[in-house]
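Structures incoming, each one as structure tokens.
In the two complexes that follow, chain A is the common piece, with chain B as its partner first and chain C second.
Here is the complex of A and B:
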């Protein structure tokens, strides 16, 4: 009797310790965000003195000011526009290529596929230098198109890899049936392959969307004019210009972080899947 | 007929190849070419200087300082960040309540942008108005309060810890996935053999997790050595170069001093070092898998 009681207490004790450990780390993960939102609701006068987590009065007008005066509204729409354009671009371009690499025969296909895979492995730090030169030459610098094309390229290799792996495992019967019905190759890609690939497309969409929304350095070197900048660059510009306007900066940070957190919470199933798949790849 | 079919198939890969060649292959080749020139990025004339840029790198003190600093951040990420990640994964790899809650929370920092994370932490760590110093003073520890990010003694370590905070979620998810592939029977078997929890951990968990640990280590090294946006947001590389890292130097050579050739040479040298590191790691992991 005594021993079972001993083991039971010991087990409960260990469980409590484990939860304390997990919970304390979880709090450090959330706390900075809570503090960010809390700071965004204080005023210029109170923010430096009021260290309460829940401010005495909520100044939601900071969000209005950040959106209008700080210019984050414009940058928010830019970020939305760049993210959707790049993701749509990547989906079309990479699924076409992945389908061809998986199903169609043409000379040099292995070599081309190998080229895309090699790009995933070779790090080129500072590749933004020649990219800047090239975009200048093509008159694509400081344009939305230039940025979108660059970002499509960034997501291309991994997306092709994920999609090709999926297509390789996909049964051929449905495509054969479609071909017998007189469907063209493009028709099969659009009507058969893409709808079947929905689960992996979800992973591709989410990872690329996160990546574009959070991207900083290419946007920094490509855009000179503030009305074209996405949120991330606008934030550092704002911080440089209005170093003391912390409530507005915090509101801007919240505007930037909130959509990504919402998307993450809704889609976390796919993100976990993507990370573990990606890890197996690497 | 065959030829027509091949041509038709090329249409599928054409957009991808076009974008890839223009935005990856050409810049890749141009890096090596530009590295041999002295050029401000604007003037039509470039001055050929051969390997002078590379020779200059050898004696560029700030460059090597930034390299060591990136190494220091990487060391902290490898030890602190991955130890925390592994412990959390190990703690979650059992029948406990709130398991999914923890898993969701731990991956919040990785999905946030480096700019957001950097600016929020900069605000918390601010020397005059930051929350951390405020708490330290109220807890009766005013000696510990300092200008975390503008004191040369603490800036780099502070940045490294925030970087680890942002990144441990990746390691956690990969470790957890790895732990979950270990068959439960192995634990049962070791318990039947009379092994206690520690022995099971040492003889079952650790050996089976080595390949996963190597993978996490590679990802950590390659990711951390090249991290720099967080630093831009937190310190901008200061105080006085104390948080400079290689990619930040490349950016400074290009934008600050308009030396495009030198920036490319720096990029090549750094890329070669990274390739060497991952090659050694790859050999090491192959070796670890065989034994």
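Here is the complex of A and C:
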């Protein structure tokens, strides 16, 4: 009886500790978001004076001003377009490449794979100037296509690595069964490998969507035309060298964060699967 | 779920076609006669207004294109220089070394002949020290052909500020700021007594410590001796340098320095001063705009740091804030120069100053700007800047110097110890150079 009580108390104690820890992590993650929304409803003056999370007066006009002054309308559509195009491009190319690296044996396949992996080590700012010169020579500078191709290239290495690891662990028997049913190699990739890889694909989608959505330096370098710029560039209009218009910046950030939060919510189920049981397939 | 995915697909497809129209290179510069690339977000509306005024006056369209933040702008300008896509007018950010590399690569037009036209009419409009930042003197270490290569559009000085209301609260006359270092120490004692915060500044971003220390080094030993030290002819263990280091100990002991100053970033310092939580600040003229945004009612004034010695004049850091350069390979370079001449005229400079709360580069505009800005502009008479000294200190020495001062403030080291350590690094760097 005593032992049962001891184990029960111990279990409750451990649970309380775990929940306290998780609660503190959750608060740490949520607090900046709450602060961002709260600051977006204050004035420049009250941001520095009123530190409470609930503003004394709500300035919803900051959202309107941020949208209009930042020219968010066009930039917002651009960001959605770039993010979707790049993510689709990455999924198609990386899943095909990862499947080929995992299943096809050809001379130099390992070397090629390691070369792809080595590309992960090169920080993108280090390649800005060569990229600019290359795009200039190809007449792709200041074009949406040039930017999309660059961003697909940026996301490929990690995505190939993630998907190849998954395909390596996928039982070959599944493919044999599909082959007996008359599936071609491409058919197996489409009908067997891709549906099974949904959790990993969700991770690839999230990582790359976040990466493209938040990118602005390359866009700023490649584009000269304002109508081609993504949303993040519009945000920088509120950030001066010495002075930052915090209420408008925070309102802009809130607008910018919404779509990515939506993607997270839609893909939440797959992401958890991808992180926890990515290796369990078939 | 399928209908949802289909509708997303349809929406994206339509978006794709909308965006394809944007895929073709859009040369926004096509309709504009002159294209200017800049990084100054806060000046964008004023530039657009000036562009309209110029178009109304001359019929020439000037297209100001903003690329911020400054780091990304710098990358863009570098990449554009490599690709031969620089606009008609642009700015080069960074150190003078970067500026010189653009000049040597033939990207920047030499403006000396234009400046010296009609009895140097254009040149004489500027504060001489503002122009000096854009000038390469004969026998410069960068091996650039001597001349003027940039046009300052505004200037800046870094000075000491005091909160008049808090000054009064301490029992001092707000119209009579401290004139000597001794008075500063007395005020420090009073600040300590009243449990208030003294000087705030961005000394966590160490270059501001360097700036403050250099002000006093110039006052104690004069420019020649400071430059001789950089050349390696005078050691940092010289009594004058030890005196400079000792000033920080005295300031700390008196209670003049605010708590946590050594790790304070300038944004925090600005916030504290703007909210009446610190009596003094050490900040650049850009702060006028910052304080206006944070607390429009802030009652403050700018002064030169009170001097320690009357042997040499007090010097402060100042010079060109932002400058524009003309692309030497541009077809519109003559028009670009004409536009810059117009932009730096007294009226346009006064407009820019009022709209952006920056100091005008044109000295004739000073009478037309707010008092506090005019006070900062007066400091130009005492201004100097490392970029016009013609020589520069080794980075490891600057680092040891600034960090040494931080350790004096927190009581970790004595001024003599820091002087010896800095000198040791200086000797090491000199030996490497030899």
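Points to keep in mind about this one:
As a working rule, the second predicted complex is superposed on the first by the 171 of 282 C-alpha atoms of A that agree within 3 Å, B and C clash if a C-alpha of one lies under 4 Å from a C-alpha of the other, contacts with A are read in each partner's own complex, and residues count from 1 in each chain.
Note that contacts are C-beta pairs under 8 Å (C-beta built on N, C-alpha and C of every residue); 3 or more make two chains touch, one makes a residue touch a chain.
Just so you know, these numbers come straight off a predicted model, no measurement behind them.
By the document's definition of touching, neither partner reaches A:173: not chain B, not chain C. In the superposition on chain A, A:105 makes contact with chain B only, while chain C stays out of contact range.
In the superposition on chain A, contact is made by A:48 with both chain B and chain C.
Contacts of A:22 after superposition: chain B is touched, whereas chain C is not reached. Of the two partners chain B and chain C, more residues of chain A are touched by B. Using the contact criterion defined above for the overlaid structures, shared-chain residue A:127 touches chain B, although it does not reach chain C.
In the superposition on chain A, contact of A:141 is made with chain C only, not with chain B. Shared-chain residue A:239: touches chain B and chain C both. In the superposition on chain A, contact of A:217 is made with both chain B and chain C.
Of the two partner chains placed by superposition, only chain C is touched by A:228; chain B is not. Common to the chain B-facing and chain C-facing surfaces of chain A are residues 48, 125, 128-129, 132-133, 216-217, 221, 236, 239. Across the complex, chain C meets chain A through its residues 12, 15-16, 18-20, 22-29, 39-42, 44, 65-73, 75-76, 78-80, 82-85, 271, 274-275, 284, 286-287, 289-290, 293-296. Chain A contributes residues 15, 18-19, 21-22, 25-26, 28-30, 32-33, 35-36, 39, 47-48, 51, 92-94, 96-97, 99-101, 104-107, 109, 112, 115-116, 119, 121-134, 149-150, 152-153, 156-157, 160, 185, 189, 210, 213-214, 216-217, 221, 232, 235-236, 239, 246, 249-250, 253, 256-257, 260-261, 264-265, 268, 271-272, 275-276, 279, 282 to its touches with chain B in the complex. By the touch criterion given at the top, residues 44-45, 48-49, 77-78, 80-81, 84-85, 125, 128-129, 132-133, 136, 139, 141-145, 216-217, 220-221, 224-228, 236-243, 245 of chain A touch chain C in their complex. Interface residues of chain B facing chain A in the complex, by the touch rule stated above, are 6, 8-10, 12-13, 15-17, 19-20, 22-28, 30-31, 34, 41, 84, 87-88, 91-92, 96-98, 101-109, 111-117, 119-121, 123-124, 128-129, 131, 134, 165, 170, 173-174, 177, 215, 218-219, 222, 226, 228-229, 232-233, 246-247, 250-251, 254-255, 260, 263-264, 266-267, 270-271, 274-275, 278.
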